[in-house]
Amino acid sequence: MIKPGTLILTVAARLLMPLQLLFSVFLLLRGHDEPGGGFIAGLVAAGAFALYLFAFGRRAMHAILKVSPRDLVGMGLLLGVLSTLPAWWVGDPFFTAQWWTIPIIDFKASTPLIFDIGVYLVVLGSVLTAISALIKTDHEDQPDPEEATWNH
Amino acid sequence: MEPLMAVSIGILFATAIYMMLRRSIVKLVIGLMLLSNAANLLIFVTAGMTRGAPPLVPPGMTAPEGAVADPLPQALVLTAIVIAFGVLSFAVVLVRRAWEIVRADDLDKMKDTDT
Amino acid sequence: MQLALLMGFLLAAVAPLLHRWFGGHTARVMAAYPALMAVWLLGLAPEILAGESLLLEWAWVPGLDISLTFFIDGLSWLFAMLITVIGTLVLVYAGEYLRGHRDLARFLVVITAFMMSMLGLVLADNLVTLFVFWELTSITSYLLIGFNHTDPEARKSALQGLFVTAGGGLALLAGFAMLGVAGDSWSLVELNSQGEALREHALYAPLLVCVLLGAFTKSAQFPFHFWLPNAMAAPTPVSAYLHSATMVKAGVYLLARLHPSLGGTELWVITLSLVGALTMATGAFLAIQHTNIKKQLAYSTVMALGTLTMLLGIGTEGALTAFVVFLLAHSLYKGALFMVAGILDHETGTKDVTAMGGLRSLMPRTAVVAAVAAVSLAGLPPLLGFLGKELMFKAVLEAEAWRWLVLLLAFTAAFLTLAVAAVVVLRPFFGERRTTPSSPHDPPMDMLVGPALLAGLSLVFGLVPGLLDSLVSATASGIGTAEVTAHLTLWYGVNLPLMLSLASLALGILVFRHWDRVRAALTRLEPLMTRGPEAGYEAMMRGLVAVAEWQTRMLQNGYIRNYLVMTLLGLLGLVGHALFFRHSPSFPFSVDAYFHEVVTAGLMVAGAVAACVMRSRLAAVAAVGIMGFSIALTFVLFSAPDLAITQLLVETLTVILLVLVLFRLPRFATLSTTTERLRDLVVACLMGTMVTLLMLSVLGGERLPRISDYMVQNSQPLGHGHNIVNVILVDFRALDTLGEMFVLALAAIGVYAMMRFHAEEYDAKPSAPPERYYD
Amino acid sequence: MIELLKSGLILVGAIFMFLAALGLVRMPDLLTRMHATTKAATLGATLIMLAVALHFGEVAVVARAFGVILFIMMTAPVAAHVIGRAGYFVGARLWSGTVKDELRPNYDPLTHELKSGLETQENAKRHPRDTDPD
Amino acid sequence: MMPQVALPILIPLLAGAVSLVFWRSRGMQRFVAVAGTGGLLATAIWLLATVNREGILVMHMGDWQAPFGISLVADLLGAIMVVLTGIIGFAVALYSLATVGRGHEKFGYFPLMHLLLAGVAGAFLTGDIFNLYVWFEVMLVASFALLILGSEKAQMEGAIKYVTLNLVSSVIFLVAVGLLYGMVGTLNMADIARRLATLEDTGMVDVLAMMFMVAFGIKAAAFPLFFWLPASYHTPPVAVSALFAGLLTKVGVYALYRVFTLIFNQSPGYTHEILLWGAGLTMLSGVLGAAAQYEFRRILSFHIVSQIGYMILGLALFTPLAIIGGVFYIMHHIIVKTNLFLVSGIVHRLRGTYQLKQLGGLYRSHPWLAVLFLIPALSLAGMPPLSGFFAKFIVIRAGVEAEAWGVTFIALLVGLLTLYSMVKIWNEVFWKATPEDGDADPYPALGQREMWLMTAPVVGLALCTLFIGLNAEPIYSLAEASATELLDPSRYIEAVLGEAEEVMP
Amino acid sequence: MSTVILLSLALMCLALCLAFVRLFKGPSLPDRVVALELFSSILVGTIGLVAIATDVASLLDVAIVMALMAFMAAIGFARFLERGGPRDD
Amino acid sequence: MIGAAWNLLLGFAWVVLTGDFSGRNLLAGLLFGYLVLALIQSQVPALAGHAQRLPRLIMFIGFFLKELLLANLKVAFDIITPPWYMKPGVIAMPLKASNEFEIAFVANLISLTPGTLSLDVSDDRRVLYIHAMFLDNEDELRRSLAELERRALELFH
């Protein structure tokens, strides 16, 4: 039986993965002004989890991800669609950007940002869904706890 | 540069088509990858290429100073790249499942549904 | 009237319900409906017989000039009367004939629907509406022929009938379309008022051919006659109704109806006379040759239809008079005879006349009815059939085109028909008694009332033909271009037609005497007469399937390569043609490129080419990676950092994905031959060249200003972002991005489902039947 | 001065990169090729990033340049290790001039167990820890 | 703001997202399936009513004026198509409740269905050429996933062909968009139309027209680009087949109508002549393909191809009447073809096979099903007075008026051959006695609820067919109004761009 | 662009070509992976050079992502090898 | 570690207090924080050794760069000259480093220095297998590797 990763790889993964994740959030948040944005950030984050996956296996990756990648996809899509709706509330066409300044930290929140976060989640969730589905059938045979939650 | 790229992209298309016409399913997938890359590049190149002026507004300004590269095709290509990524991931896995289920690498052996 | 017609369809639809309530009486109950209609029509008689006509307007699809307007003149009134009266009788008859049959309700549905369709057909003023009812009769007739649907022969005959009549119907549709276009109207009344212009129109010949095709197929004219005898697979009431009295006459009706607008030309006269005469003779020959009573009657119907067509072709006043009389006579005696045939079949259990004999004593009432009807069929006085035949001979002698040939054919048909009439009555009812599968006796009243009434009418009209004067005049006037005044009488004096009648009587008796020998002699003609066109039809059907299979083998052959090549050749052909013949390209050849840019492009190409030529899968993947990285570098060199990042992230993730997948896949193998590879190479190179030429054309051609300049100027002030590409992605063109998100999500769902969901594991719920794709 | 230093850094960096590639082509076996690539390329990238830092001189850019250096130094050896290990264990043929191989005897290709060669002396005193990778 | 322009896209998107979020809850998914498609249908009707009353509706997404942002445009054709999408979506959703297995539900059947509908609706409503590409992809990938759901051997084989050829189409489309942008510098279709008219070199316009023709021709399954369709449509669960059969190719047809009336209308003598040839060959090859088949769904699949020919014929003739006929044909065909697939599903549910040779006896055992089959089948064959008759009649009349004898003849012949196929099915499935081996294993009887869920959509669609046939006038006027709009693109352009000066920064 | 940069770019390009040669020649998969890895490393340098040459600092973001993520490909390949994928493939 | 965290915190506090959010100011904050911590480290046991880390780190980086450059030249020389001077081989290097982080750190450093490449760590983590290019003087090599490990481990203690 092959172990998921060697010592050197696991240590590197432990170091690099948070770094990559942090970097992905950075790319996401500043994407409106510099190269970056939801896609790129999402792909980086997906790469980060993929590294973790290679080093520690699928179960460990799910453990740090906490939610199922499919939930991420769903949430991301929902966020993306919902971010188009506030415009309706104020009577603008869908997708019209709404900007709000959050007073205390002087952070400019906007529907494009929410939208971009949606993109981020979808990209991350999709790639992870695909990769973990591929990995699962690759070598793990035990039933997946997440599959048992399906209500009949 | 554009004419040169036009020729290069032509070759990319040719390789893609050639690979897609092979009988091996794996080659088919590689052909599809080449094809989508070629198409994306084509959009980028046809819209015109600009050196050293990315479409970014410098901090504190409202518009770039000089001429910048056309941002619109870039956005289109970005969309197209991501779409192609999704579609190709699907195609790759499809090929794998097809192989597992049909047990034939040869596309010529996958014609039961037609005949 | 329209409402009544639509209600009739509704009545048809609720027949099963009625059947539940009324049981065995349903047919009689439903027969009340056409009877009522007949009464209503009878109420119109004074006006119609006085030569007036009625136009009942009713809009349907005004945009297309389609209306449900009904036009009632002598011709349509006569047909409508026949349809409703015989329809009533047939319904009553069928109720008894099919008593206890499990499909009686379905039968009633279809035959009522047929009746209404037929009625609509003869009443419609609008070409399209007429066509609608025309096709409805084809379909209902199909359902009726295939009534005994578990019998393969019945199904085959039904298909044949449908295919021939619907095929003709489509020709008719084309003809109508041309007619409508040529006459700039879809109303028969209007079209009939501009016959001159139509006959001069450039479309006249093609539209006439199309219309004739439609009419000839429907009315079983040579060489389309073969479907009609096969249609005898239907229950006898159906044969009586559809295949003698009504549907098959739809074609004749149409010809009569269009006579004012299309008739009279040389093309019309020659085609109709010859085809009609040929059909007559064919029908008569075939009738004499068969022993199955229904087939005999069917072929004699073919003969009668030929006669009617021929008369329309001759088109003189006398011919039109003869047409009306013959039409009426035929409907009456043939309806009666079919019902008699049904009684025989019902009572004896066989349809073969040679197997029956001496039934007169067992079923005397039937015998009388049969005899009367047969005498009319034979064309003997004092029945209406005699009058019809006399008038027919008279008309033929007036014919302008091919007179003697037509006369010869008509005469032949006449004496053969006489022989048939003799066979049909004398064989079963007279002579020595033969045992039949079931023991016969006279049927119940319901079955006898119809034939008796029809035969009786033949006799009444034969004895007092003057009753028909106004009807014949009104009808013939509607068909002809000029007023026709008819004075019918049984005795026109000793003239050529009478001579011909006598001669035919003599010859007919002769043939009957030697029927068995004649039959034997005629068998030799069989291939010519029946197998000829029918074999043609069957060869055509086989050919159709063969061509279809050949095409499928050629095109839809399962080889994805072939699909791709076809698709790409389609693209190459179309775009290449446009590129070379529609466009005059001017290519700019000012290559300003730095060394490193050229190398980058070169590496990109090299990576792609390497992916093609390398013999290992993962090496090819790595080579694709090189290409991807080179493309990313191109993006860097030409000011697209976002793209470069995306490209290389995607490239990396793709490699990961591929590696995960390829692990489970087989290695590359050399499968194609060198020739195939060369062919593919040619296609590939052509595609590549085309793309290059396209790009050069666009790059060197006229280029308009970009909308993106607006985005460059406004992305910061309005979009509050410095990265213009990102502002486009999340604001200007956020809808694209939204779609793209969903694409990615969908791909992920797909991948997940493919890897984890195998139907056999999940859908093994007990209620789902198994899929069988390969059985 | 800065210009000169920058040019020097760039040129030397580029030369190292080139050498790395040359080594990759020239070296006789997988592991020696990896020697050529990992370090020279890392060094080359480092030097060029230093030049970038010098060239732009803004904090944000300098930070990014150092970011690149840091990341490449973190990832390059990991990649090298992973490939080298995989290449070696699945049977990369070593160059004929290889003088020594202390690993091969300690590796069991069936169980993928890699011994240290010290077990016999201390008799496997060490017990599994919970920090062990699973 | 008129939200009904965007809601037919946003509702299924939202429904898809919600279904995905609640992917663990079967009940929720089933509820959303009905509610989402019902909402789609409702908003679509609302949209059509508004468009019919007020003319072309435009929404500039994100409030970016055309041509800078993406505009959604609902003209009559678009609105009609969206309504049809709603009808089919709702019908198939109901049908799916009864027919789709638990495994399918668990692995995303309903989200995929919603998103397929969203892609289709998006394609019908967008006024932006690249956005059209995006919706095509949404639709396509959703269809990929639906096609393979279940991972059966036939599905895999069909899917490979489907995916490959459709990707080729996407790439051709993408390349054409790229070239187009390079030439005219805009993506808004109205703007493209306006700018192309100012180009001096119309040759390149024709070249691009050919590229779009091929790209959409593949989607529409026109000759010689249709191979993917008969290779795959008979492989997925029948609800999926029905959804595909009704909508997917029609998106290609719609796109052809859109670009060849709005954008590439400069040289109809060239482009539409080619379309005419394509239409004829499509009709013929499709119908011949069907004649050789003995599998229920394969026959139907080939007939999709042949019927596409009629629709393209309408566009190719390019006369007002022809366009009316084409639009009418699309409306009729979507309903009828979906219905036939649904009926085939019921047959399969009852007998466990789609092979005609093994079927039989259904006329005896299920007369109501026989009627439900006959209505769409005869309509498909163009038999009066059903919807298909009027569709065919208009097209043929237009052909005669345009004196296009060849294609008119083919159109008629194909009608006959279609009838032949339908009768073949009728003969084999309904009339023929049950073959010896056909009813070997007794399938469990349909549950009451299951049966209602399966039959209700079929009955509903059959009623639509009858309604269109017996009351053709309103549908005709709708098609006529739509054709008038299509033939006068300036109305579309004005609605999108306003009457302002040409915007060429 | 200064001569030094052009010269350096030329050198880097040659390096890229050499890496490609190794990738093409193989002979084993690890060799190709090493070549791909080197290719990406050289790209990082090249991007730095281009950034200097064009004075566009934002290109460094590409380099960062490359430095941080490109090695993942190598890890993927290594995984393939370790799971028993044929190394001469 | 606590020291580093404190230092970071102080740096941020500085940035917030001064209200200047530039990177330069953060650097300044970190520097001041470092100095402050260096001043108080004798009083706070948790901060022991904090101040020594920076000079050690700087010295280590210098050492490492020197090694990197010199050895790279050596390899480069071998690459460009046609004959091979190298004597490659795989050696086992006993590790002093105990926890996995240290082991990985050392292994990666060794990989980065030319002429040596870490292949793998033995399962019991006591030996690092290294592929070396120049085994002509193995003892010298082992010594310099040990030196590298020692200096690297110093950073953590």
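Read from first to last, the chains carry the letters A, B, C, D, E, F and G; within each, the first residue is number 1.
To be clear about the criterion, a residue touches a chain if its C-beta (ideal position, glycine included) is under 8 Å from a C-beta of that chain, and two chains touch if they have at least 3 such contacts.
These numbers were taken from a predicted model, which means no experiment stands behind them.
Traced through touching neighbours, the fewest hops from subunit B to subunit D number 2. For subunit A, the chain with the farthest CA centroid is C. Judged by contacting C-beta pairs, the busier of the interfaces B-E and A-D is B-E. Located most centrally within the structure is E, per distance between chain CA means and the overall CA mean.
Separation between the centroids of subunit A and subunit B, computed from CA atoms only, is 24 Å. Taking each chain's centre as the average of its CA atoms, subunit C and subunit F sit 69 Å apart. With centres set at the average Cα position, the gap from subunit C to subunit G is 89 Å. Contact of a single residue of subunit G with at least two other chains is seen at positions 100, 107-108, 118, 120-121, 125. Residue positions 13, 16, 20, 61-62, 102, 106, 130, 134, 137, 141, 144-145, 148, 151-154, 160-161, 164, 168, 175, 179, 182, 187, 230-231, 235 of subunit E are each in touch with at least two other chains.
Residue numbers of subunit C whose C-beta contacts span two or more other chains: 552, 556, 558, 560, 564, 568, 602, 617, 637, 639, 641-642, 645-646, 649-650, 652-653, 656-657, 660-664, 691, 695, 698-699, 706-708, 711, 713, 721-723, 725, 729, 731-738, 740, 742-752, 754-756, 773-774. Taken pair by pair, the chains that touch are A-B, A-C, A-D, A-E, A-F, A-G, B-C, B-E, B-F, C-E, C-F, D-F, D-G.
Interface residues of subunit A facing subunit D in the complex, by the touch rule stated above, are 1-10, 12, 15-16, 19, 55-57, 60.
The touching residues of subunit F, when paired with subunit B in their complex, are 53-56, 58-59. Interface residues of subunit D, counted against subunit F in their complex, comprise 6-7, 10-11, 13-15, 17-18, 20-22, 24-25, 30, 33-34, 37, 41-42, 44-45, 48-49, 51-52, 55-56, 58, 60-61, 64-65, 67-68, 71-72, 75-76, 78-80, 82-87, 89-92.
Listing the residues of subunit A that touch subunit C in their complex gives 31-40, 43-44, 46-47, 50, 69-70, 73, 76-77, 80-81, 84, 95, 97, 99, 108, 110, 112-113, 115-116, 118-119, 122-123, 125-127, 129-131, 133-138, 147. By the touch criterion stated above, subunit G contacts subunit D in their complex at residues 22-24, 27, 68-69, 71-72, 75-76, 79-80, 84, 86-92, 94, 99-100, 107-109, 111-127, 129, 131, 133, 135, 138.
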